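A single structure is presented below for examination.
The letters A, B, C and D name the chains in turn, as written, and every chain counts its residues from 1.
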Amino acid sequence: MPAHETDGLWVRCDGCGKLVFKRELEKTSFLCPACGHHFRMGAPQRLALLADEGSFTPFPPLVSANPLGFPGYEERIRQAQEQTGLDDAALVGRAAIGGSSCILAIIDFSFMGGSMGSVVGEQLVRAFEKAAAERLPVVAVSGGGGGARMQEGIFSLMQMAKTAQAVGRHSREGLLFVSILTHPTMGGVYASFASLGDIILAEPGALIGFAGPRIVEEATRQKLPEGFQTAEYALEHGMIDAIVPRPQVAQCVGRLLLWHR
Amino acid sequence: MQPFEWEKPLLELEERISELKQFCARSKLDFSEEIASLERRASTLRREIYASLTPYQRVLMARHPKRPTTLDYIRMVFDDFLEMHGDRTFGDDAAIVGGIALFEGQPVTVVGPQKGRDTRENIARNFGLPHPEGYRKALRLMRQAEKFGRPVITFIDLVGAHPGVEAEERGQGLVIAECIEAMSFLRTPIIAVITGEGGSGGALALGVADRILMLENAWYSVISPEMCASILWRDSSRAAEAAELLRLTPTDLLKYGIIDDVITEPLGGAHRDQAFTGRQVKAFLRRYLAVLKKTKVERLVEERLARFRRIGQFHEVKLAEI
Amino acid sequence: MPAHETDGLWVRCDGCGKLVFKRELEKTSFLCPACGHHFRMGAPQRLALLADEGSFTPFPPLVSANPLGFPGYEERIRQAQEQTGLDDAALVGRAAIGGSSCILAIIDFSFMGGSMGSVVGEQLVRAFEKAAAERLPVVAVSGGGGGARMQEGIFSLMQMAKTAQAVGRHSREGLLFVSILTHPTMGGVYASFASLGDIILAEPGALIGFAGPRIVEEATRQKLPEGFQTAEYALEHGMIDAIVPRPQVAQCVGRLLLWHR
Amino acid sequence: MQPFEWEKPLLELEERISELKQFCARSKLDFSEEIASLERRASTLRREIYASLTPYQRVLMARHPKRPTTLDYIRMVFDDFLEMHGDRTFGDDAAIVGGIALFEGQPVTVVGPQKGRDTRENIARNFGLPHPEGYRKALRLMRQAEKFGRPVITFIDLVGAHPGVEAEERGQGLVIAECIEAMSFLRTPIIAVITGEGGSGGALALGVADRILMLENAWYSVISPEMCASILWRDSSRAAEAAELLRLTPTDLLKYGIIDDVITEPLGGAHRDQAFTGRQVKAFLRRYLAVLKKTKVERLVEERLARFRRIGQFHEVKLAEI
């Protein structure tokens, strides 16, 4: 459930309905001080939370083309870049977590819903290729709302194959991929690299699935079950290894990396 | 069944010709010259109409209820077929059919979604929308093909993977990823034929192949034009505009290198002459199977991976620019 | 549903309840002339139905020991041998089906319920080993009521591992195993080699499962669903490839062998 | 909780001693000699009772509700543990737990059925009776261990796989076969520890290993003594007799070469001193892991297969005899 902003300074919590001071959230790793609800967080904040301080070296940036000549796409990209300070929805680089080296990829929802166009796909593929070449594990934090970047049409769809194959090549080298699903991980992002982790962790309450809940509701004309497509629901249905609350994610991933050195 | 709007002038003319012929036969009068002239005009009109179809008209052709289904192609293209059921885990999904077939004496594994030919059948087949157990069945049969070195042929015609509560519960997203990954590394030749609709991840889950062929009036896209329009303009009736933007026709996809060849259909669409369409598909499969069989399987997999590795358009940014 | 004999000459059909003349059954491959119900049939009759005439060469026979010193087991074996004319519950040898060579193994229910002791296990393992050595497919027809031969205790249990491993070694040579499940295939026979076929066929109405229906009913105290554990039920739940009526089994297996030459 | 019948004289004596000690403390009188004598007698009695346990008494010990469970062993034997859930197909079975654990600094994969410690827990854990998704979870974790070359340790304590409608529907028999097959060829060391009940195919599905260890008061059989008695004599109350016939004790199984070693328990059973039992299991694991780690994985798999290949007793019949 996305947090609806009420004005610039306050935001309403989807967990408890209370208004939370935005500046406060930054101090709590975007956890609601009242109920612990996990708000979405940006890639830079996530990086700070997850990677050892000063350990991150980003990959060279890539910038989107407009392969279909989709009207307004360039403008849309430019806006998103300005709003987020990111080149595209993936922040990828080399990092250390709990003292162990890895390649870290973070999908940022705030950049066009974390959708996977050519840039995100290529960055992820480079992440797995680099990791394979250096025999490093990959840690990916996914939050891709619908997965597809419509404006790149078929090119967006093909990124699913491209990234899944990159995972496959990395995996066949006997290397570890820890996939962390954050709110929301849906569609093409979920149905490709994100669900191919050796170990799949999720944050509490994160929406995880293929078809969005509204689409399922419309298609089936039935009321969705309580907690449908939440991380808790995915755990119950056998789709993820564990739910890890945000404050423990870095420590948990650190242990996993250490155990797979 | 309703004809398409754009076909009406042609259908009317064809009816007129047919009437005239019947009148000739009854009256013993000779209108052969007039008939010949009308037929020439019909032929021109037909070519004009179908040469200038818009992308969305092709989308509608791809959805024609009389369009051949996977089981039709299996019947028309192969000499023998043993359907195999089940995912050995949960169930047997009627929306996906598969099994071993004989292609000119050679065993191949065939898999594809199955739409119904009428409402009753469509309900039984869930309109060709697979559940996870359908994809798991496909995966199982493809792994079986790999074990025995049989080529895999997939037919693709589905608007997407089923969006439902149970499908989500049983891992629709996960199983699509597994299919994509497994096909990518499958050590046997794979040909995918997009025969009708190629909708999103649900289609890609059967579409990672060494050769990807597409019928003339099929479409393949990350999102259906209706849903695209509904996201862009909150108005799904503007699907025709969205279809233009999405570049979902075989011509565009061939240009982008997404597919390898276009299988021509009879004028007016595959449903106008199923047998012809079947022969076409068979001829293309024969040609490409022959090529693939000459290639070592290691090289096939390498090239399959390289093919997808290349797809994507972006700019490298020199650090000075930032 | 086992056929309850009413006297020596007639037998009541579990399909339609009619009395069927036993001699008649032998002529119809043990199909009820009235309703087509598939009666159980012995290994020699099954062999005649399935293998090309005169193509069968049996493996050297093995005879059961009494590894646990189980009281009365030798006597039980001797009785079964006399009643069935078999050495034990498995008839194994080299055969041709539809002109294609294979190793054929048939489990006969009438020998102690088709249960798997050391002899059945060893014969099956030899079947897969011989097939692997000669690069032949294996066709196995299973009808093991409870699977386990209680009188051999742990030795019977271990035959599950032994036979499953033999399938695995044969399979890793890229060779075909067609498993045909006939009424009833349960317990340890089903939970080992019989469900590891590349292709699993079943006869109509055959009971297929792990725990017997009475055990399930007692354990769960619920009414069993209609058709529970029948071949049709297994097909619906994705556990078998196809149901093949008895008159078509030889032809179907023949095609499969031909396609895998 | 009820003491076993055969323990009653001992428990009475132990109580007497405890009372006497308390009386000493209160009264400041010295009974130390008497107490020492009584304790010697108790010790003798304890040895006598537990040395002469019948097979069925051991079966009952194996079912003692306070006996350590898989999670108890995980807590006692390993330094760290991350539980991992789900079969990535259908569900997460609480009757089987598994994950990665640290054994003296070395990561291992641990899997085992989990019984509850009370009624509420037992209902949640389905009395440690796994469904197919439990076995599929185990399989997934074992394959993961293989990928990373981690040893696998399974704890076995279940009376059987769950006999239920849904379990049958989702392929209980098939998944047991898959587990057995997969473990047989798994390219990583495997140690199985039968800690309590080893019932039938449901136990074997976790029991195909390079070393099979068994606690002193555990049992392992193709069928439970109760069900055996009920088949033999239509009287499950004659389970004690059946337990004799089935040769299900560690001593018998060691003699037959089915298991490799017996882990001694504290007198009176594992539940009498969980910490001691944990240390015992840890010591045995340490010893056998060290041996297995020295062996190449190809050789491990070969020997694992050879080990089971040998099991079985029968007579070859010379053709002349027939």
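Following the convention adopted for this analysis, a residue touches a chain if its C-beta (ideal position, glycine included) is under 8 Å from a C-beta of that chain, and two chains touch if they have at least 3 such contacts.
Predicted model only: the values in this text are computed from it and were never measured.
Engineer: Which chains contact both chain C and chain D?
Structural biologist: B
Engineer: Taking contacts as defined above, which has more of them, A-B or B-C?
Structural biologist: Answer to which pair has more contacts is A-B.
Engineer: Using Cα averages as centroids, what's the distance between chain B and chain D in whole Å?
Structural biologist: 55
Engineer: When the centre of a chain is set as the mean of its C-alpha atoms, what distance in Å lies between chain A and chain B?
Structural biologist: Here chain A and chain B have centroids separated by 32 Å.
Engineer: Any idea how many Å lie between the Cα centroids of chain A and chain C?
Structural biologist: 51
Engineer: So how far apart, in whole Å, are chain B and chain C when each is placed at the average of its C-alpha atoms?
Structural biologist: Taking the average C-alpha coordinate of chain B and of chain C, the gap between them is 42 Å.
Engineer: Which chain B residues touch at least two other chains?
Structural biologist: 88-90, 170-171, 174
Engineer: Using the touch definition from the top, which residues of chain C touch two or more other chains?
Structural biologist: 237-239
Engineer: What is the complete set of touching chain pairs?
Structural biologist: A-B, A-D, B-C, B-D, C-D
Engineer: In the complex of these two chains, what residues of chain D are touching chain B?
Structural biologist: Residue positions touching the partner: 88-90, 132, 136, 170-171, 174.
Engineer: Would you mind writing out the residues of chain A in touch with chain B in their complex?
Structural biologist: Chain A reaches chain B through residues 60-68, 70-71, 87, 118-119, 121-122, 125, 147-150, 152-162, 164-165, 167-169, 172, 186-188, 190-196, 208-211, 215-216, 219-220, 222, 224-225, 228-229, 233, 237-239.
Engineer: Give every residue of chain D touching chain A within the complex, in rising order.
Structural biologist: Touching chain A: residues 80, 82-92, 100, 102, 107, 133, 137, 144, 147-149 of chain D.
Engineer: In the complex formed with chain B, which residues of chain C make contact?
Structural biologist: 171, 174, 176, 198-199, 235-242, 252, 255-256, 259-260
Engineer: In their complex, what parts of chain B are in touch with chain A?
Structural biologist: Interface residues on chain B, with respect to chain A: 161-165, 167-174, 176-178, 180-181, 184-185, 200-201, 204-205, 208, 220-223, 228, 231-232, 245-248, 253, 256, 258, 305, 308-309, 311-317, 319, 322.
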